[in-house]
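Submitted below is the structure of interest, expressed as structure tokens.
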Amino acid sequence: MAAIRIVVTGGTFDKEYNELTGALAFKATHLPEMLRLGRSRVDVSIHTLMMIDSLDMTDADRARIVEACAGAAESQIVVTHGTDTMVETARTLAASFPRDGNKTIVLTGAMVPYAFGSSDGLFNLGSAISFAQVLPPGVYLAMNGRFFQWDHVRKNRETGTFEAV
Amino acid sequence: MAAIRIVVTGGTFDKEYNELTGALAFKATHLPEMLRLGRSRVDVSIHTLMMIDSLDMTDADRARIVEACAGAAESQIVVTHGTDTMVETARTLAASFPRDGNKTIVLTGAMVPYAFGSSDGLFNLGSAISFAQVLPPGVYLAMNGRFFQWDHVRKNRETGTFEAV
Amino acid sequence: MAAIRIVVTGGTFDKEYNELTGALAFKATHLPEMLRLGRSRVDVSIHTLMMIDSLDMTDADRARIVEACAGAAESQIVVTHGTDTMVETARTLAASFPRDGNKTIVLTGAMVPYAFGSSDGLFNLGSAISFAQVLPPGVYLAMNGRFFQWDHVRKNRETGTFEAV
Amino acid sequence: MAAIRIVVTGGTFDKEYNELTGALAFKATHLPEMLRLGRSRVDVSIHTLMMIDSLDMTDADRARIVEACAGAAESQIVVTHGTDTMVETARTLAASFPRDGNKTIVLTGAMVPYAFGSSDGLFNLGSAISFAQVLPPGVYLAMNGRFFQWDHVRKNRETGTFEAV
């Protein structure tokens, strides 16, 4: 079993409710707690790179994500990310990590914050970690129980789901 | 995207607390609710074959599971199962579904019932559904975020986790 | 056991996460579900008067709450309300429902939406319904496991708790 | 605001799922966590007297509960207790704590363990703590959002609810 690097960038996945302000905000990532809940025994190292809403993500932020993936010793990488611009970040990553390369990068996220009762986050994390272990090198999205090649997917904003194109 | 058949056999996964008797018991499977929570868009058909504790599973029960997998039109199958004898059922299945066959069968389960707050069930389901889509034909276990070949795994009863052997 | 009227006005209590917009919003009240979870056998009638953030509550809205309480056949009333202006609405109600009157009105709310995992809502509802059954006529707040006379309470915005003054 | 003594005796309230054995069992009480979740600001002291199923409670155990209540400096006491013999323990307590005495004792419990998703525990705790603050001296049960005099209540085992008799 190879080790997996998890690069945390924020997104709905990690948002919390701030009870003093009544607003959604970021504190620490929930990844360690989620892996504990899932009784995960996968060898992972978690790297919290940024904690931002993916609508606020800039080109400079994406360059840092590419850099974090390039610098990782692991060949299997999961990137947690907001769903709104996940496809765009996947495209940026694909320019550096080709299908005939040596890294499998899987982006995932959630439609509902993990901290709220009805989140898809734990399901998606189980899915992304699994796909990262068996898919060949390349850049993928793992959402809705499926995996998508970075250049054959779009987010359907009416249904809140990802579709193959 | 190929369709997946989910064969439900019970196990901790689907146990519930009966508030009148104070005992753990089976009612209906939680699979549809779990797939809805995970916002799964995988094409699945759920077949509730039995709802039993895997310690109570007989050879006749295992024969019915083999039969259910053989009769499934889908080539990707997830079997939900109690963890105590999951390895034994995997071995029985492997006699009928070889690595050079045409079916990928992934057994999964949970250490804590899905209906209870701290369950690993949703994580494991996301994992099992993902592995079923990409692993080559053969019989596998998906637990603890990992996949195991049926003949290289054992349950460690002290830690409650599965290990490669 | 006398019957209790529950007047719903919205507030954090009933906010939900809209997964398509990523914003907090109101849909239907969670009161029936909460009473079911609490296995409540209190005879209640739920009246959804409005579903608003208490920071948006106007004098006209408060007049409608007074009217709803005055028109209720029940002498015990629980009003669910946002915490930010709960004290102000209590003061308005007190002008119409004096301590030597015939109605016991208890306002309650939540710091975290019921729909999220870590809500105080169920605790507060159990508390408010209980206080409404035994406190003498007058207007009260039930928060933090305590009850407060309407004219001896303030919300501490730094701690997010209510204090006697 | 007077202080409340909470005497913990176990019961369904505090049962947990042991994932290694698959059985329900007691570990530590959930009371502190529940009070934190409820954002309780009531001054309480928690005394874990025993952690047992109320069907296993002996006369000696009940004598210890009486003793714990008698020895408490607080005049308001909440006793957490299994529902099966809650009425019997209330009767025992009533022999020592009469209606013209100086202690208000409220027994409460849960139909579903707090650790499981669908528990009535938090609702009942909010209710019991509230009743303890306002009811006159005597021994009561707080269940289903209601309070009952110890000598006018029975558990209906078919519905799993408490009824006035």
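The chains carry the letters A, B, C and D, assigned in the order they are written, with residues numbered from 1 in each.
Going forward, a contact is a pair of C-beta atoms (placed from the backbone, for glycine too) under 8 Å apart; a residue touches a chain by one contact, two chains touch by 3 or more.
Everything numeric here is computed off the predicted structure, so don't read it as measured data.
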item: Shared interface partners, meaning chains that touch subunit B and subunit D; value: none
item: Centre-of-Cα separation between subunit B and subunit A, whole angstrom; value: 26
item: For subunit A paired with subunit C, centre-to-centre distance based on mean C-alpha positions, whole Å; value: 39
item: Centre-to-centre distance between subunit D and subunit A (centres being mean Cα positions), rounded to whole Å; value: 45
item: Multi-partner residues of subunit C (each touching 2 or more other chains); value: 111, 118, 160
item: In contact (per the touch rule at the top): chain pairs; value: A-B, A-C, B-D, C-D
item: In the complex, subunit A residues that touch subunit C; value: 12, 17, 19-20, 22, 24, 111-113, 115-118, 157-158, 160
item: Residues of subunit D defined as touching subunit C within the complex; value: 1, 34-35, 37-42, 111, 118-120, 122-131, 133-135, 142-147, 160-162, 164
